[in-house]
Every structure is written in C-alpha cells, then in structure tokens.
Amino acid sequence: MHAKFLRILRHRFVAVPLLIGIAVIGWNAYVVTHNGGTVRGVVLGPDGRPLAGATVTMMEQNFTTNSDRGKTMTRADGAFEFTDNRSHNIQLRAEKPGVGRSDLVVVRLYFRAQDVTLREPLRVAKHAG
Amino acid sequence: MIKKRTRQTWTHASLHLAMLAVSFCMLLPFYWVLKTSLTGENIFVYPPSIVPVHPHLFYYIDVWYYIPFPRYLLNSVVVSVLSIAANVVFNALAAYALTRHFRGRGAVITVLLSCMMIPFQTTIVPAYLITAKLGLLDSYLGLALPTFSTIVCIFVYKASFEAVPRSLIDAARIDGLSELQIIRRIMLPLSTSAVATNIVLSFIWSWNNFLWPLIVVRDPLMQTLPLGLSRFLSYHENTTGALYAFCIMVLAPGILLFLMAQKEFIRGLTSGATKG
Amino acid sequence: MALRSVRRPLRVAGRIAVLALSAMTLALSAPVSAQQKKISFLTWNISDQEDLFKEWIAEFKKIRPDVDVEWLDKKGPELPAFYQTQVIAGTPPDIINTQGALWLEYAAAGGLVDLTPYLDREPAVRNRFNADYLAQWKYNGRNYMLPFYISKTLLFYNKTMFKDAGIAGPPQTFQQLLDDAAKMAKGEKTGFMTLNFDWLYWPLFRMNGVDLLTPDFRKAAFDTPEGVHVLDALAKATSNGSINKTSWTGRWVEPNGAFAGGNVGMLLAHSPAFFFIRGQAPWVNADTLGVAQAPGGWSTPNSHGLGISKGSKNPDIAWQFLKMVTSENWTEKLSARRKVLTGNVASDTKLLAQMKKDDPLAAAVLQTQVEDTDKLTGNWPLANDSRVKEAFYPEIQNAVLGRKPAAEALKDAEVKVNRVLAR
Amino acid sequence: MATAADFSAASEATSGAVGKHARRARAGARRRREMLLVWVFLLPSLAVFVLYRILPLVWNAVLSAQQFSLFAPSQWIGLDHYREMVDDPVFWTSLRNTLLFMARAPVGILLALAISLIVNAGIRGRDVYRTIVFLSYPLMTVAVGIIWRWMYDEKVGLFNYVLRSLHLIDAPLPFLQSFELALPSVLIANVWQILGFYMIILLAGLQGIPQNLYEAASIDGASPRQQFLRITLPLLRPSLFLAFVIGIMTSFTSFDLVYVMTQGGPSHQSELLITYIYKAAFELSRIDYAAALTIVQFALLVTLTWAGNRLSGGDAGAVESGA
C-alpha cells in the first residue's frame, strides 16, 4: 500500500498541483504575517542630516489617478511611519516649508499593505522655482 | 566506421542548427511580449531596446489586484475542467462509433466535417438564444457546453483507434468486456498521445475562449480570465506593461499543462512498441 | 437471449444519461430575485470606473429601494455584438452608453427612446448641458441621448521637434501644416499623424471648405476641385514621409504609441489620447508638448452619450437614473476621477478651474474641448453612418496610400456613397 | 488492417454449429444491437453539434432570406441579399483573399512536418524545442496582434530596422500599409501562431506509427529517405489529411488575428470572408446580409472539402484502403 501511495504521489499530475498548492499556502502565510500596512522611512535635509518636522504625504497610485492617502510628520530623528497603507503601489513625497521638497518616490510592493522600510531616504532639497 | 560516425554527428549538428533557427523565429515575438511585461516600456521607441531596461515583476502584481483575478481564474478552471472531461468522453465515444461500419457512417462523417466549417463568429446570436432557452445563461455549463466536443479531436482519436489491431478487440470481446470497458481498458490506454492531444487542445480552446463568454455572461462574477482583457485596453490610462503581464498570466496555465502532457506524447511512442 | 442483448446498450445509455444529468446540476444559474424591479446599464469600455458605478448604484438604491441596478461593460469592438444579441433575445440593457455615431443606427431604426418629451417636461435637466454638445445626439430634431462625457479632436504637437525644425508655433492653415510636417520628416521621424476611426480625420477636409454631403444629407458633395486638391496633397505628403502611413491604417495603440515614442511632430486626436500618451511618454510636460485647435478651429466630436433602449421594461426608472447620473454632483465626481469633461456646464467649469492649479497641461488639453464648439464637423445625422463610412474611407486609403489618383478615388467614392444614401 | 465488415463475418463463421436460420436471426439481432450502440455513442457529440452548429446554420439560412431589422418585424425578401452580394466588390475581394489565405495551410504543414520529424528523431533537448514551437499557440491574439503590428511598422518596426541595418533594402517597407504586402504579412503572423497546433497533430500521428516497422526496414537496408517515403508518409496520411482540412477550415474561421492586426487592411486588401461577415453583422448592423455571406461561405467550404476528400481517395482521414 505504502509503495503504491508513493508512486501516485510522484506522478506528475498529482505532484505539480500539490507543489503549487504548498507554494500558495506558504506565500499566503507570509502575506498574512506581513501585511500590517506600516511604511517606515527617513527624511534627510539638504545638508544630509535627518530633518525633523517635515510632512510626508502618501499617495495611492492606480492606473488612472493617484489620490491622497494621508500625511504624517517626521520625528526628531527624521524618521516617519504610516500604519494604514492598503495599497500595493504608493508614492511618497516629503516637504518642509522654507526648506524644500523631495522628489516623488514610487514604492512598489509585492502585496497590498506589505510592511516596508524604505532603503533609500527621502532627500529634501531646495527646488528651483 | 569513422566515416559513418562523422556523417551522423554532421546530420545531428544540422538538425540542431535548423531547430535553433526555428526556435529563434518562434521565440522573438514571445520574448518581446515577456520583455514588455517586465519593463512596461513603449515599444514604439526607436531604436528598439533589445535588452530589458530595469525589469520588475510589479506589473504582474498590478494585474492580480486590478481585475478580480482569483475569481476569474476559478471560473476559467471550472469551465476548462468541465470542457476537458466532456471532450475526452464524448470524443472517444464518437470516434469509437466511427471506427465501426454502419449504415449512415459516411453521412455522419460529412455532417461532422461540415460542422467544422461553421465559424463560431457567425453562430453567436442563435447560440445565445439556444442557451437562453436551455436556461443556462450566466452558468458554468452554459459557458462550457459549446466546447463539450471538438471535431478535430474526434478524428485524432479515430486515427489512433484504427491503429489498434483487431486481435486485441476480438480477444476482449470474447472475454465478455462491454463496449465501454473495451474503450476504457484497451482503446484509451493504447492511444495516450491522442488523449494528451485532446486534453491540451480542448484546454487551450476553452481557456482562451473570448467571444462566447463575453456574449453569454452578464454577471461580472461569472466572467472568465480572457474577459479581463478590456480592463487593459481601456482608453484612459497607461496599461501597456500590465496588458502584456496579463497575457503572460493567461498563457502560463496552458504552457504548464502542455509541459506535463508532454510525457504522454513520449509514452505514446514507447507503448507503440507493444502494439506490433 | 434477445432481452439480454438489448439490455446491455440500455445500461450503456443509462450510464451516459447519468453523466449528462450530473453535468446539468453543475449549472449554478444566478438566483432570480423576487418581483424586485431591475434596470441595467451598459458602458463602453469604462471598466476603470468600477468604484464610481458602485456609488451610482448605492445612491440610486437610496432613491428607489425597490429597484436593483446591474452594471455591464464591454470593450468597443464587442459592444455592438453584445448589445444586438441582447436586443434580439428581448433582454436589452435599459441604458446604453455609445461612442461616436453608433447611436444613430439604433435611433434611426427605432431602437432608442425619444428623450425630447422628458427634456421638455424638465427644462432644468436640458439646461445642465452645453447646448452644442447636447445637439450632437439629435436625429430629425428629436433628442435621443444625454452627454455622458465629451471630447473632440485637437492638434497635439511635439515642441522639441518643432524647435529643432525651427517652427515657431502650431500651423494656422492646411498648407502650413503640410509644410511644417515636411520640415520635421527625417529618418524615422515623421511630421504629422492622425487617428482615422469615426471621421476623426475629417477636419483636414473641412478646413479647406470640403464637406461630405449636401446640406439635405441626400447626396455626396466631396467630389469638388478643392476635395481633389486636399486628397492629392495628403497623398503626396504621405508618400514623401511627412505624414506617417499609420495615420491611415492604425487604430489606437499604434498612432498614440508612435507619438508617445517621440518621433512624430503633430497628432490630430481627441483628448483621451492625451492621457494614453502621457502614460507612455515620460518626456511629456508643459515644455515639450504643445496643444492647439486644428487650423481653422474645425474639430470632429467623439463623445459618449447615454440613451434608453426601446426594449426597456421601465423607461421612466431609467430616465430617473439618467437624471441622477448627469446631475452636477455626480458629473463632478466622474470628471475629477477620470479627468474628462462631461458636458455638464457647471461641473466642467469647476473641473477646469481645479485642473489649472493641479495639472496645467491636462487643463490646457481639456480647455480646447470647450472652445470652438460651433465649428464641429464629421457628425452628420445619417441613419446608415457606418455604411457611408465603409463606402467612403477605403477609397481615401486607396488615394493616400498611392494606389489610385485622388480624382479617380473621389469619383469612385461618390458613386458608392450615393448608392448607400439612395438605399 | 482488416475492416470492421470482415470482423463481423469472422465472428459469425465461428458459431457454425447452430442452424443457419437461428444464426441469421442472431446476426440480425446483433446488427440491430450494434446499430443502437453506435448511435448511443454518437449521441452526446452530435447533440452538441446540432445545438451549437447546425441549428445556428439553419437560423442563418432562414435569416439570409429576410430583411431583418433589430427593432422592427422582418419581412421575407427571398434572394435579394444574394443578388446584392454578386455586385458587392468587397465580397469578391474578401473571397479572393480567403482563397489566397488558404495557401498558408500547406506551407504551415510542411514546416510543422519538418519540425515534428526532427523533434521526433530523438535528438537531445527535444522537449525544449517542442515547447518553444508550441509556445506561441496558446498566447492571446491581442498580444500577438500588437507585437506583430509593431514589428511590421514602417518607421520603428523591427523588420525594417534589421533589413535596413543589413542594407538589404534602402527605403523601409510599409508592410501593413501596402496593398500587396498586407495579406502576406498577416499570413506569416498566422503561420507563426498556428505552427505549434499543426506540430501537435502531426506528432500525435507520428507517435502512432509502430517503431518495429522502422527497425525491420533498416534491417532490410532501406535508406532513411526510403523509410520516410514508404513508412512514415503513408502511415501519417490521416494526420496530414486532418491538418490540411483544418488548414482550409481555419482560413475561413481565423478571424481574430486579421481583425486585430489590420481590420481588413488598407481598403479591404486583407479582408477575409469571416472578417467581412463580422463587420457586416455588428459594425454595419446588417445581420441578414452577414447571414447570407455565412451561407455562401459554408457552401463554398463544403464543395472544397468534398473535392479534397474525393481527390485524396480514402474517406475523411480513414486509411483502410491504404497501407
């Protein structure tokens, strides 16, 4: 009985769907444990040092429009955190009145509300005009 | 002796060369679809960029969230499984019947051949009216019924059923097997390549079926995968990368099934030896 | 003996019947709701606004709790196939959204409800709309549709290519357009490109005083010396490369894709093309893309209308739905989300004001859509508009792609168009 | 290969001991039972074809004799549509194009035959080649259409880019915009997509040929060419015939690639009957004229296949009389 069961298991039409099933379950398990919707990052001023008190806007980009999803302030160490991100395709921009504005940074995620920490800091610079 | 081996290696090399050329021609357009699905660049830029420019997988993720992909996938799978199951049974039965000589056999074959000649696009309205009368609108059966039997596959079965030697069938009949058992125990195992061809072709035809689901389904939850296409051809936004990613995602199951069914092709070869 | 031999095929038949039955039970047909009334609306390739349509349905549920609303959306080439099948089956969607002149075929055949009485009863609804655009959907003086969102052709031009060729600004005459195009046509770059579906290229003829039909729309009127001159000029410009050949054979993806590729000087297209191009062309901004009316201010409208199918079981509920949907509150939402003008004067002015601040380039594009609305062309109220197009356009292709001289092409086209008009 | 008729005669001979009369009665009963069985087996497939092919054909036939309007009752007008068709130039152009389009079937089949012979010849990496050739078939036509339209583009297309960089041509070729090249260009794209399908049909045929025939032939010293001519080709005839019939058929039904790539090409030069039928039905809202076109196309196809069947001897792919 055991050998027969093993032979069936090795048969392609059973093994491949099984493998796909396991991969899907594994991936969903990973997704469920990592979709708190937190987005963390650091904002640096024109001089390269962390910039406190800058407002960071998060926008949700879908194919037609991008709509505002919220703003937050950077703490003393220049770090900021969003906790309510529901999208998989967001854009961030930091700005501080009198100091300047950062470029629009596109953050693409592998699933919705994936917890992510930005590798590259947002650089606020004096924009011409 | 040496001359024979060099001649053989030379023919092998030329075969490989020929196949490499064929593969290049076949793969080139496909490579462009794949490349654009990874980079989403505008293909009308000149000169064309051969190597993908910083590719990423996020268009595939956009496609997943952009249309109710899991639901469409489920619909497509159910319709295809229904279609394959019915195809294998109906085609095998019909082909077995056609291997027997009976009055009206020629008429049936001409009817089948003529049915092949009626293009689907000309039958949309009447087929919809008939499905409505059967009460199968917005249902898996309504979606799958037109693909329940394929004439091409009937003739593929017929060709391979006729290759089965008479002696095996007579022996089975003497042992008291019923017709259905003969088909299941003797005919089908000996024509695995015909079965594989039938599975692959009926899967692809029902999976890529675009016009019929578009007409017969009104409930958005019952739509099949290809109907998500219009979402990426909408006038109003840039969806090039997502359009090609969508096409690749619709293609993937067909290729996966073909890879798995390939073994059947080869086993069909080896089992052929026992037939002689 | 005979009984046993007959029984075996019966057993076989039984087994097949069981199989067929089990397949039938798999038919999960949608549950039929109680005598709740139901209306459905079919949109033309606007599946990206699913959320907005859900809000429509929710809002209408509040107004009419006894009515369920079903939303359908089909891509352009397949919408007629779906709609006609539903009409023949006797279950047409109550409200249909068409683009271009398709509504004319259905209205002339008696397939759409005449909305004039509804409009006469409620002038406030009529006054919501830009009169020129509302008049687009008149046939024999009767109004058959309300504007859903409006667009007309304009001239996009690549400012960088203009600068390289030393051209100051957009062309004011047909001849200047051709000369500018010739200056820019070098190597893989071409000077001018146009879309060609639904008469979008017609301003090229109208700006030279050439019209398709006589004022009573009975006879062809384009086979004139000016007509031959225009067609001949277009043919020459196409053969020497200043006009891109895809203008005459491309549909949507190629002409816009080529312009977005940055190697086409000018593009005659309507406003949705702008958003498609901007999505594909990182180089597009206020300094690199110019926007202007075509020479002479002539343009072909390509608007989307909302009408009620004759076969609808409750046209009054459908009208109530249309009234809600084209109210200022909802048109404002549509124009904000999709950046389109809806023909509702109040919300359009509000959108333009808002856009000037957020997206000046898109605002400039949309501004052209409400200017020169008295110079609309390419929109004759013909019951068989598609048949006239099918008779006329292939001859234009023969001429511009160099298969027939212009004079001969126009003569053949005149014979064919007159035969279609006479039927 | 004995035919089924010989089979029933043989089994009757074995039961010689019983009286002739009883034997004839039992043979009659068995033939009736077999007839019933055959029709029961054919029932499911025929039911599907009657419902979704034959009834629509009848519907089209009835409609083609009517003046049909979507919203008004239709009247009988007899053969007006057929008369109109005779002096409709687009009908004749699309008919000519469809017949030209059929020329791709033999080309595609020969290519597929060569490929399947190589792939079947057991060289290394055969599965990879087989998958690559098959890859294009299940790809959605819209992607194939857009990519091939771009490759054929006059200014920025790949073909012109390669041809000009190899100095094979000086001025770029306007493939899809030229009246002569539009149809051949779509034809090549169609062969590219359908090659995998033909390969499958022929491979299924090749697998069916018993290996020992080749072993016996090579022992007799037959050269590979002789083996091909005397064993492979004859035994492959049903698959080749099937592929050829499908080739003719699909030139009357391969609608989507032409519709996506050229919508009938510059002024109907790449218009097939099937695209003209779809346009007449749904773009010109003339379902009755489209029905008449469908009937004419069906009649044409029936005669073509009947002639092909007559020419190739055996009935529809069966090869009893051969081998």
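Some points to look at:
By letter and in written order, the chains are A, B, C and D; residue numbering begins at 1 in each of them.
As a convention for this text, a contact is a pair of C-beta atoms (placed from the backbone, for glycine too) under 8 Å apart; a residue touches a chain by one contact, two chains touch by 3 or more.
None of the values given here were measured: they were computed from a predicted structure.
With contact taken as defined at the outset, chain B and chain D are each touched by C. With centres defined by CA atoms alone, the chain at the far end from chain B is A. The largest tally of C-beta contacts between two chains is found for B-D.
Distance from per-chain Cα centroids to the pooled protein Cα centroid is smallest for B.
Rounded to whole angstrom units, the spacing between the C-alpha centres of chain A and chain C is 38.
Rounded to a whole number, the gap between the C-alpha centres of chain A and chain D is 51 angstrom.
Spacing of chain B relative to chain C, judged by their CA centroids, is 35 angstrom. Chain C has residues 8, 12, 16, 48, 81, 84, 88, 188, 254, 257-258, 261, 263, 275, 279, 338 in contact with two or more other chains. Of all residues in chain B, those that touch two or more other chains are 43-46, 86, 89, 93, 125, 129, 179, 229, 233, 236-239.
Counting partners per residue, chain A has 63-64 as the residues that reach two or more other chains. Chain B meets chain D in the complex at residues 12, 15-16, 18-19, 22-23, 25-30, 32-33, 43-48, 86, 89-91, 93-94, 96-103, 106, 108-123, 125-127, 129-130, 145-146, 148-149, 151-152, 154-156, 158-160, 162-163, 165-166, 169-170, 173, 179, 191, 193-194, 196-197, 200-201, 204, 207-208, 210, 226, 229, 233, 243-244, 247, 250-251, 254-255, 258-259, 262, 265, 268-269, 272-273, 275-276. Taken in their complex, chain A has these residues touching chain B: 12-13, 16, 62-64, 88-89, 108-112.
Chain contact summary for the complex, chain C toward chain B: residues 8, 11-12, 15-16, 19, 23-24, 26-30, 40, 45-48, 70-75, 78, 81-82, 84-85, 88-89, 188, 252, 254, 257-258, 260-263, 272, 275-276, 278-281, 338, 340.
Chain C contributes residues 1-2, 5-6, 8-9, 12-13, 16, 20, 77, 80-81, 84, 87-88, 105-106, 109-111, 188-190, 244-246, 248-249, 251, 253-254, 257-258, 261, 263, 310-311, 384, 386-387, 390, 393-395, 397-398, 401, 403 to its touches with chain D in the complex. In the complex of the two chains, the chain B residues touching chain A come out as 56-58, 61-62, 65-66, 236-239, 242, 256, 260, 263.
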